[in-house]
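All chains are identified by letter, namely A, B and C, in their written order; residue positions are counted from 1 within each chain.
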Amino acid sequence: MKPLTQLIEAALFAANRPITVEELQTLEPESALADVRTALEELREHYDFDGHAVEVAEIAGGYQILTRRAFAEAIERAQFAVRTPRLTTAAMETLAVIAYRQPVGRAEIEEIRGVSAGGVLRSLQERALIEVVGRSEGMGRPLLYGTTPTFLELLGLRDLAELPRTEEFSIALHPHKPEASDDGQGDAAASVVAES
Amino acid sequence: MKPLTQLIEAALFAANRPITVEELQTLEPESALADVRTALEELREHYDFDGHAVEVAEIAGGYQILTRRAFAEAIERAQFAVRTPRLTTAAMETLAVIAYRQPVGRAEIEEIRGVSAGGVLRSLQERALIEVVGRSEGMGRPLLYGTTPTFLELLGLRDLAELPRTEEFSIALHPHKPEASDDGQGDAAASVVAES
Amino acid sequence: MTSSSAPTRALGAEPGFVVQLDAFSGPLDLLLHLLREEQIDIADIPVARIADQFLRVIHDLGLNQAADYLEMAGRLIRLKAQMLLPRREGQDDWEDPRHELVRRLLEYQLIREVAGWLERAAARRADQLPRGFLPPPPDLPQVPLTIDLLQLLQAVEKVVADIPTPVLHRVVPRPLDTEGAVLRLEAMLAEREEFSWLDLLGARPSIVDVLSALLAVLELARRGWLRVAQSESFGSFLIRRAIPAFEMLPQPTESEPGSEAADAAD
């Protein structure tokens, strides 16, 4: 491996979060960003061709060394490490609203989910998955929330553009216009509901 | 690399402490201790021959993957670069409130900024920009915060009196007792903002 | 409905036994669950039936105290009444009162799908472990902070700008929600003969909640739907239904408590 590749491997090992190309460049100020990218590529190929159990993952705009998927279960069974625990449904739904509507205020989140959101918002903020990104101009100037890089890390996404567009989900937002049916209620097809 | 070697690499990477040969054996109960030792040897050779920046180190009777000594300095530099040399917006705003309102309690800071301040206060304290300067007489006798000499040093000020006055700020922050300002320094503040 | 993410729970084992408040992630979730169980087209909801089922489930689940569920119950009752209003034949401009509910349900369902996607992404990411050992931070001098007066003053400006208009008294940004409180009260009256003022308030009400609830009680007392009695001075007071429940909504037909919902849960 080239010296820059070694430096980068050492740095990625030392950090436990994604490191950007710009940050890696500071390791060797003489080097160009392109050099850093080439070195990252060399490191990635090394891991792939030699069949290492770790890989260079591209997450949240940076690079991080992670174990490959196949090994998590065995490692957890042997109690050497634990996987990140899952978030609650309420937390995931709230994240979903914020991810797609950001910047978004608490009232809108509550309207969409039909439940009050104070507790969930606080705990998502404490876990640094969301942050206050501004204030609305409306009455009382409510706080507006957005997602953080930690959110991308949690999902292993490179950036927000990797989120699927809402059209890609099986539920279309525009229903067949509810027509004035003359009370043949109940036996209609369960098309929309059933397909999820 | 053999499957057992891969499994061991993943485990040593993900573990937060040195793992003994006996513990590693639990990853693959079929395997013998000798198999584990052979795999460890294979992993070590891989790292050595390919010029990786990491090595299999034997520590406290167990094994751990560590970065090589030669890269220690690079890692330090990387972590140096990784640590944010700037305050976050939230920290800066909290610091501003404390600078102009000291001694001031957490509740008042939170009321002014509209968000909880616990984490920010802690990090400002860690950076020695603020300190506890006393306790209020109020309910629960909450802690009161003020700025430190380090804060003045960073701003290049001799004492707090040198902080530019911002009439606007002190009025906005004294909603309950708006006093007529006693001197005509109101526009001095504005000019300071503009000129620096 | 194996793909349904509706939680598994023991329902109706003991009527009134509080299962889990978080069995459903909200009233919309519960509503979608009911629609799915009945294989009902979301665009043509038999409001009367669903409203009754909704009330029964929140009763069986012991959700009576959860304001979010009660508010939805109130909405359904109102919707049910609106559906019963006669409408003329061939009236083209009739606007389906269910429209808003359908819109919310579809929107919520989309959010559920998105949440599911996020959950799968998070699970995939969790299958890749980061390095477990973190070398102790190097003993370096603290990074010199770069702050200057300009930054501090800019922060000052921003804080000032973010303070709601500096006035002598603070304006309560939330208006009273009397309508919501009336809906909630109607739903509780439909369910129970008598309950205390504190039941109506629920856990940890805000001042706004208390005022809204009080106005709602006065409003329904004026309509003659309820009577209020106080046994001792400064004590809590009782709210008693003053008209037959069927005048507000038909009683759910008498069946084994929660049987339908229990089937649904399996």
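Quick notes on this structure:
Note that contacts are C-beta pairs under 8 Å (C-beta built on N, C-alpha and C of every residue); 3 or more make two chains touch, one makes a residue touch a chain.
Everything numeric in this text was worked out from a predicted model, so none of it was measured.
Across B-C and A-C, the chain pair carrying more C-beta contacts is A-C. If each chain is reduced to the average of its C-alpha atoms, the one that sits nearest the average of all protein C-alpha atoms is A. Computed centre separation for the pair chain A/chain B is 22 angstrom, with centres defined by C-alpha atoms. Taking each chain's centre as the average of its CA atoms, chain B and chain C sit 38 Å apart.
Distance from the chain A centre to the chain C centre is 28 Å, each centre being the mean of its Cα atoms. Chain contacts: chain C has residues 129-132, 134-135, 162 touching two or more partner chains. Residues of chain A found to touch two or more other chains are 13-14, 65, 67-68, 71, 75, 80-81, 135.
By the touch rule above, chain B contacts chain A in their complex via residues 1, 6-7, 9-11, 13-16, 19, 23, 26-28, 46, 50-54, 65, 67-68, 71, 74-75, 77-79, 81-82, 90, 114-116, 119. Within the complex formed with chain A, the chain C residues making contact are 3-5, 22, 25-29, 32, 35-36, 38-46, 49, 67-68, 72, 87, 91, 94, 96, 98-99, 102-104, 106-115, 117-119, 121-132, 134-135, 162, 164, 173-174.
By the touch rule above, chain C contacts chain B in their complex via residues 129-135, 137-138, 140, 142-160, 162-163, 166-168, 170. Put simply, chain A touches chain C in their complex at residues 13-14, 16-17, 55, 57, 59, 64-69, 71-72, 75, 80-81, 83-84, 86-90, 92-93, 95-97, 99-100, 112-116, 135, 139-142, 153-157, 163-164, 166, 169-181, 184-186, 188-194, 196.
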